[in-house]
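Have a look at the structure below before the remarks.
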Amino acid sequence: MTEKRPFDILNNALNNNVVVGLKGGIEVRGLMVSYDVHMNIVLEKAEQLKDGEVKRGLGTVLLRGDSVVYISPS
Amino acid sequence: MTEKRPFDILNNALNNNVVVGLKGGIEVRGLMVSYDVHMNIVLEKAEQLKDGEVKRGLGTVLLRGDSVVYISPS
Amino acid sequence: MTEKRPFDILNNALNNNVVVGLKGGIEVRGLMVSYDVHMNIVLEKAEQLKDGEVKRGLGTVLLRGDSVVYISPS
Amino acid sequence: MTEKRPFDILNNALNNNVVVGLKGGIEVRGLMVSYDVHMNIVLEKAEQLKDGEVKRGLGTVLLRGDSVVYISPS
Amino acid sequence: MTEKRPFDILNNALNNNVVVGLKGGIEVRGLMVSYDVHMNIVLEKAEQLKDGEVKRGLGTVLLRGDSVVYISPS
Amino acid sequence: MTEKRPFDILNNALNNNVVVGLKGGIEVRGLMVSYDVHMNIVLEKAEQLKDGEVKRGLGTVLLRGDSVVYISPS
Amino acid sequence: MTEKRPFDILNNALNNNVVVGLKGGIEVRGLMVSYDVHMNIVLEKAEQLKDGEVKRGLGTVLLRGDSVVYISPS
């Protein structure tokens, strides 16, 4: 059996929708097109969420890894 | 007697349910399928909790180690 | 296919307008004229936003990378 | 006279009850079964406290060193 | 064309007035007389601002780089 | 004249009472029995203070250096 | 002309009164008797200030560099 590693989930989520939670309670949903080892993440067609509802469109957005709390593929 | 180390508890908890507390007071419960030395953790069938009750389902989620406060196998 | 990396979005956004979210909920919009590997960013003709509206003009401003939460080209 | 060092207190507290204060005001009491140089700590039979009273049982819990504020053997 | 870098703005601002935003929402205006790679900054004839108005005089002040959020030459 | 260094004050305060201020506004007073280069500090006969009054006894306590804001020998 | 550096201000302020702002909004005034490269600072005859007024005397106090926001010689 191959050992699983946390970053596998990021690689598998490329070109799929993810929800990213940031420090300060901000939540963003979009298509993940790139990431790096610092968990810097680029989403396209991104939307900021509030209580699960769309608050506003963000288009393309780079989320700084240091601010990321969680990432959930949808 | 073998010396115990904190990460032993993570290894033993693989493929079992854990509750993870994050900075900002967020608490998530799910099946731990991977972790790394930074305490990055992947849960499957994850649920966000509020006061011990399920607030919403998250499915698969990567929790960034830098945001982890505590991890408790259930 | 060439692998995309998060910093590509910064390079592509040079000399274009971006919105930058900072810790503490501050949001700044302006023309990005430089950045570095720490995500330090210089904007010209910058404006501080509040709920998407212009709160005040900042002119040229250096945003410290450590404070950056997200960057969105407009 | 032998010079004392802060980590001596952790070594002496192994297999004894300790109270650990975490960032965000959380306080946890339990039997300390392991620790490492990052002050990651594992407690067994752990209980979360509020104003000195038991709020809920946690069983076994790994406390991330980066979140630890103080540790007091009881 | 010479590539611009974020620290250029600091070098150009030497001996000119700048406004510096710090963590915790503090804003200080003054004559920048020195800085270093950590963004530690010394202002002379400095004034603490509140909503753009002068709150009090600070004279000479060293701002610790780790606390800097943004720097704007005026 | 010998140059003074900040850690001299810690060495001189060994086996004397100190008041330590921690992040989050917690203040602890006690007999300092050890410290290290990270400013991890062990106090004995420690008491948590609130507005200068004793809030509760802590006995022996290890304060994590990363949480220390100030240390004042009494 | 000699290039000025931020730490010059600390060296010049030795044995003079300074006001130090700390994270969490605490402000302390006193005679600076030592500092190091981490901006750890020792003040003697120190007083904690609130809105510019003396709140209480602290005597000798070591301020941890990581908590320092600004330092202003008076």
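A, B, C, D, E, F and G label the chains in the order they appear, each numbered from 1.
Going forward, a contact is a pair of C-beta atoms (placed from the backbone, for glycine too) under 8 Å apart; a residue touches a chain by one contact, two chains touch by 3 or more.
Quantities reported herein were computed from a predicted structural model and do not represent experimental measurements.
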Q. Going only between touching chains, how few steps reach chain C from chain B?
A. 2
Q.
Centroid from C-alpha atoms only, then distance chain E to chain G, rounded to Å. What do you get?
A. 18
Q | Centroid distance [mean C-alpha coordinates] between chain F and chain C, Å | A | 42
**Q.** Contacts with 2+ other chains: residues of chain G
**A.** 23, 66
Q.
Once the touching pairs are worked out, the chains link into a ring; list them from chain A, going toward chain C first.
A. A, C, E, G, F, D, B
Q | Footprint of chain G on chain F - complex, ascending | A | 3-10, 21, 23, 25, 39, 52, 65-66, 68-74
Q: Please name which positions on chain F make contact with chain D in the complex.
A: 22-24, 26, 28, 33-36, 40-42, 46, 56, 58-64, 66-67
